[in-house]
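Following are the structures in question.
Across the two complexes that follow, chain A remains constant while its partner is chain B and subsequently chain C.
So, the complex of A and B:
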């Protein structure tokens, strides 16, 4: 159990900046998922916490102790690597027990602890095998056993599920979460997969180009994205993002001359914004008629997914997707009506990409933790 | 799908193979066969006729204590030289792999000794090791007579072993470095997180994964030390003093071309060939089994 605190932590390789100075406070026992596209610096961030990568600036402390100058082994972290990094010449038992062997734990105690860990992971019958004789899921478990055996304060996961097939990935995801709840260590999990992030995390850290875009619970990140990037990155299919200008009479005006009437819009008229609407937040056809915000988009084609379908088309001269009931076949030539509540609309400043808070008057919405809020909390 | 290339006409494949077969036959099987024939006959030194003597040549060399002396010297030479060159090469490769400054230059420079012909490097070492003027002569200033490969057989053996090892350090180094860099970095990192310091990581993770390379170099170095040592011995010590550095390959040459005992030399070279073949088979049969963990 340990708090982790990152203060102005940065990393650059030569002239290339990978991680810009960032602050992050992780509470003891928390499951944090660092989410971002490839090359955003998320693995580098994890490796800096582990001590595998030197930090170029700032300071990291684990459990109240500054670890900047400490070797990986002195930091109390265990890590599960993307390709597991099992020792190919050692048996499963030796792989799991290697940390204990290095620590000088005796043979009998080592065996007992290895067997205990193997039992929790369902590896009992495999202890004398070599990694090459195991399946992908079994190797994954061995890698986790190797991390668990020392009862570390901090678990670090570097995209551990990316080499598994889809079915196994779901299963291991659940096991990882279960394990975290039982061991009550602090976990940091790096991934580019938003489903993993949404299902595993207590809090998600969304990273882009070495910068923290948002820190928040999965619900906050999904319902109140702090920036345009977060809005576009989370959600499948992604949120519709359309550039607009705030009109004078409660409307949003688009570049092609069309407009959308939004009751209760509060942003000052003339401000350049980006409008965001989630495909799944809309009703279409007859059901759209009783919604406060109503529009119409040109339907191009429908993708059927079974229970639902995705209607692809164009709105205000931009690509537009709405999630529709599975039985929708084709649209009328005059276009498909869509409607939603004002709270389903997100407005982002077009210059900064930041969310405009309270841009639309509405009922109570969940609280947000934006970047400013997170750093304010820290100082 | 078949991965091999197949030809519609059988002779096309044969035609591709012929140049290689001709080369191997002319420069390996034919001389080797000739040596076998000579070893079973008594050749006249100036040519013109020979007498079939069966295994008499072998009986003669195997009952000759001087021949056994050369066998023992060769084995000592092979083991010490191989151990020395592989050990030094491994240490250097580990340092370069750890990314010490100038490692890129080392990688290029280290292979050069292998490119130098044995007699040329032997001449250089002979100057350096000369007891009266070389850089080891300072030893003699402190302890007169301590270093004299011209008189002391042990000194002479050290001299040829050092020269031979120097040549093969570069060769072994290149293989060790490639093998070290082929080990996934994540393995070392995992070991670091498991609490192992750099020496422990080297011993527990990297070295075990180098065993295929160690095995390969063991075969190559021992085989080469039986053959490639000729030039060094010839230039540095000529087998002396008092046959202290008379290795098997040098004795073949000396008895054959200086002593004009072609038949005895042919028999010796057959023994040497059998020894090398046997060593290689032994290594593949018994050592290779333990190095494959995948």
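So, the complex of A and C:
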């Protein structure tokens, strides 16, 4: 159990800045997921906490102790690597127990602890095998066992699930969360997979170009994205983002001359903004008619996913996606009507990309009982 | 790819058979010559049917060249060089690949350049150093004026002498450094994933533990390959042992062979020279047969 505190931590390789000075406080026992596209500096951040990478500036403390000058082994962290990094010439038992061997723990105690860890991971029958004789999921488990054996204060996961197939990934995800809850250590999990982030995290740290875009619970990050980047990065399909200008009479005007009437818009007229609407926050067709915000987009094709479908088209001369009921086949030639509540709209400053808070008055939304509105009521 | 090409098969097999004959024929001739008596071995052409004096010739060669002692010398020399090279090159490559220190690239290129300076090229300075290992230090002291100072003020004449001639150390040490081995290891170490080193760091293993617990076991094929090559190379060395061992007690088997080869005007006992050759060849043959599998694996690919 240990808090982790980063203050003004930065990293640059020569003249390339990978991580800009950032502050982050992680509570003891928390499960933090660092989410971002490849090259955003998330792995570097993790490796700096582990001590595998020197920090170029700032300070890191773990459990109230500044660890900047400490070797990885002295920091009380354990790490699960993306490629597992198992020692190919050692058996599973030796791999798991290597840290204990280095620490000088005797053979009998080592064996006992290795067996205990193997039992919690379901590896009992595999202790004498080599990594090459294991499946991907089993290797992953061995890597986790190797991290667990020293009962570390902090678990660091560097995209540990990205080499597994889809089904195993879901299974291991659940196991990782279960282990975290049982071991009560602080976990930091780096991934580019938003589903992993949403399902695992107590809090998500969204990173882009070495900068923290937002820190928040999965619900906060999804429902109130702090920046245009977060809005576009989270959600599948991603949020529709359309450049607009705030009009004078409660409308948003678009570059192609069309406009969308938004009751309760508060941003000052003339301000350049980006409008964001989640595909799943919209109702289409006849159901759109009783929503306060209504528009129409040109339907191009429909992607069927089973229970739902995605209607792809164009709105205000930009690509536009709406989630629609699975039975929708094709749209009318005059376009597909969509509607949503004003609270489902997100406005971002076009210059800074930051969210404009209270841009739309929540009170303007009439009470509705539709599912979309219910999910939007979180905020 | 499986194809039925009978003609091509026949041609390739013929070429293979020819190659085999070309490779094996000299050995056969040596073996046959070693089995004839003095008269038959000097017939022109030499009869290609083995004669009946094989054991007799072998015994003569063994005794005349004192091969018991010389083979032991050769063995110590070749093993010393092989393992010395394995250790030195593994450590050098480890330093070059895994550590960032100033002058790393300079060092790497310096080692690279030594590829162009084989023993034969630097034989005189190497001999000078072997004759007096402290010679270069003496030179430095002379240049710095320390010798002069000592002689004038303390009345002591500094003359550092430590010779390695006629010793195993003198035979082995100058041949131990190897650029080829360093490169072999460097290439292998570069294929070892960085994450392995990082995992070892997280497990608390320092650089020395990582080297012995992870890198060395992983490179056992390379060790086998390098040790085999270098054993054969050292066994066949002629020039260096000839220079360093003036005293026959430290001579190697290959040098002693020379004494079996008939002098001009002497009795042309080629049968005994060939018998000696067979004996000296035998250990290397054994090493190749035993180590072949490892040897090929170590050179061809890294273990999956």
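Some points to look at:
The rule is short, and it goes like this: the second predicted complex is superposed on the first by the 362 of 379 C-alpha atoms of A that agree within 3 Å, B and C clash if a C-alpha of one lies under 4 Å from a C-alpha of the other, contacts with A are read in each partner's own complex, and residues count from 1 in each chain.
FYI, a contact is a pair of C-beta atoms (placed from the backbone, for glycine too) under 8 Å apart; a residue touches a chain by one contact, two chains touch by 3 or more.
These numbers were taken from a predicted model, which means no experiment stands behind them.
Bringing the complexes onto one copy of chain A puts chain B in a clash with chain C.
By the touch criterion defined above, A:130 lies against chain B but remains apart from chain C after alignment on the C-alpha atoms of chain A.
Once chain A of one complex is fitted onto chain A of the other, the partner contacts of A:321 are absent, as it touches neither chain B nor chain C. By the touch criterion defined above, A:67 reaches neither chain B nor chain C. Looking at the shared chain after the overlay, A:281 reaches neither chain B nor chain C. Contact with both chain B and chain C is seen for A:99 once the two complexes are overlaid on the shared chain.
In the superposition on chain A, A:293 contacts neither chain B nor chain C. Of the two partner chains, neither chain B nor chain C is touched by A:273. The residues of chain A shared by its contacts with chain B and with chain C are 50-52, 71-73, 77-79, 81-83, 85-89, 98-99, 102-103, 132, 146.
Put simply, chain B touches chain A in their complex at residues 184, 186-187, 189-197, 200, 204-205, 208-209, 293-294. Across the complex, chain C is touched by residues 47, 50-52, 71-73, 77-79, 81-83, 85-89, 98-99, 102-103, 132, 146 of chain A. By the touch rule above, chain C contacts chain A in their complex via residues 193, 195-196, 198-205, 209, 213-214, 217-218, 303-304. Contacts from chain A toward chain B in the complex involve residues 50-52, 71-73, 77-79, 81-83, 85-89, 98-99, 102-103, 130, 132, 146, 150.
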